[in-house]
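When the chains are written out, they are named A, B and C in that same order, and each has its own residue count from 1.
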Amino acid sequence: MGFQAHPTALVESESIGEGTRIWAFTHVMPGAVIGRNCNIADHCHIEGGSVVGDNVTVKNLNMVTEGVTLEDGVFVGPHVVFTNDRYARSPRGGHAGSRYADKASWLLPTVIRRGATLGGGSVILPGLVVGEYAMVAAGCVVTRDVPPHCLLKGNPGRPGGWVCFCGLPLVAAGGEARCANCGHQFEVTQSGVTPLGGPT
Amino acid sequence: MGFQAHPTALVESESIGEGTRIWAFTHVMPGAVIGRNCNIADHCHIEGGSVVGDNVTVKNLNMVTEGVTLEDGVFVGPHVVFTNDRYARSPRGGHAGSRYADKASWLLPTVIRRGATLGGGSVILPGLVVGEYAMVAAGCVVTRDVPPHCLLKGNPGRPGGWVCFCGLPLVAAGGEARCANCGHQFEVTQSGVTPLGGPT
Amino acid sequence: MGFQAHPTALVESESIGEGTRIWAFTHVMPGAVIGRNCNIADHCHIEGGSVVGDNVTVKNLNMVTEGVTLEDGVFVGPHVVFTNDRYARSPRGGHAGSRYADKASWLLPTVIRRGATLGGGSVILPGLVVGEYAMVAAGCVVTRDVPPHCLLKGNPGRPGGWVCFCGLPLVAAGGEARCANCGHQFEVTQSGVTPLGGPT
């Protein structure tokens, strides 16, 4: 079966999983790795050196930069901004050119853990980890690591509550929190929330 | 006469009004409705289930999402972020898939009223109404309904004054406000401004 | 030799310098001026009336608007938002149409000085100057002129330190500041920093 690509898409990678769909005017570069059953919408650019897991949704107008990993089940809204260089300069200018001779001196990785959501127009600074099932609100600028299941909003991003696997807000009471939608329960500690019960 | 489309545009809707122009690398999906005398710039995606009125300007790099209505005369700057799901997850993951079986359980509408402006890079959260002739500043994140003629700026967006039909700021004095540019007068009350005089 | 363009790029300008590369799905309009040895990435739109110097890097998904000047060695991250009208309305509506009869009544210039960086997703309000070797952080909304070598972050953007020619932060002590990376020294005054020593 393989993957499906719109006639206007440019697909130059050979590592694209079965059932994945690539939409119009999207460019997948050599060296990009994309898993199975993903949806990569229009006007995206998936750069070599990025890794996309299975069941990932990438909405329109996204550039997934070298060094970015999107684990299984991640949702990337439209216009999300990934970065990979904390002190970016044009490598063509005279002052920073030597810094770009070796990737180890400038390239910082970004990891978006399993099931997390990056809201439309959010900005992810380089070198950060967004935890499992976290939810970055639309327009949020992420400047620190995000704990699992954390809702982050604002510029700079600040925690604004906790969310379930399904994305809905958790209601906390005592040392526990519960999803009114699907019933999952979590232990609440100072460092965050941890799912209770069996595997998810 | 009909509409005009750039040779690289993909136009799959049959509901596009006379005199409208669609520019390069733009994709209009089946089921999108676009009125007359609009300008839809390069690298846009107009999704099925969105409605664009007459005389609307949509600048470059915009995704007009399902559920968005842009009334007559609206201006959408470049890189505006529309959203339609408050708790978005990848529908391909195991935890939120059932929520996406029925649009009524996740799809929230957005309405941008007649003559309003969405500044470049602004972000519009789902389920909101931006009032007539409001002006959302560049980079503003809109988290609540915006009153008519209101200038909104910041993240989250906060009111920062009032603007005329023409877009210029109103000068308030006593219970009235006036546009120095075109002379329109408005009554100022606690809930907002209301145009005085005849129809506009 | 001339410049190189990807087969899907649309290049309608005749003013593109030697060694410059234009990538996929990018549209360079008639009247745009681009210098030598630049890199213009995928899904960009370079509008007529914009000027790009030599050795400039423009990452993906950028619209370089009429009235924007990018001087030599500038770095523009992905999704940067340029603007050129402080009171934008749809020129097709009835209320603001006359304002658009003459460019002098609405078009404001933007100048990004030599060697400066505009971080991914930053938003530049119209009529501003970003100084030489300044660094605008990712997601920052620039509402005032930015001094040379200044690091700006937040919405609205506020100064957060000083950076070297090479992009790395300066360490200030007494009335001087120094780059730990490349050794450049600067005088620190109330109005900003000034490089010491010979030409750079």
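To be clear about the criterion, contacts are C-beta pairs under 8 Å (C-beta built on N, C-alpha and C of every residue); 3 or more make two chains touch, one makes a residue touch a chain.
From a predicted model like this one, the values you see are computed outputs, not experimental measurements.
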Self-contact between copies chain A and chain C, residue sets same or different by half: different
Angle (degrees, nearest 5) of the CA superposition of chain A onto chain B: 120
Approximate Å spacing (C-alpha centroids) for the pair chain A, chain C: 26
Multi-partner residues of chain B (each touching 2 or more other chains): 25, 43, 61, 79, 121, 155
Touching residues (chain side chain C, partner chain B) in the complex: 10, 25, 27, 43, 45, 61, 63, 65, 79, 81-83, 87-96, 99, 121, 123, 125, 141, 155-156
Chain B-touching residues of chain A, taken from the complex the two chains share: 8, 24-25, 37-39, 41-43, 54-57, 59-61, 72-75, 77-79, 115, 117, 119-121, 133, 135, 138-139, 154-155, 163-169, 182, 200
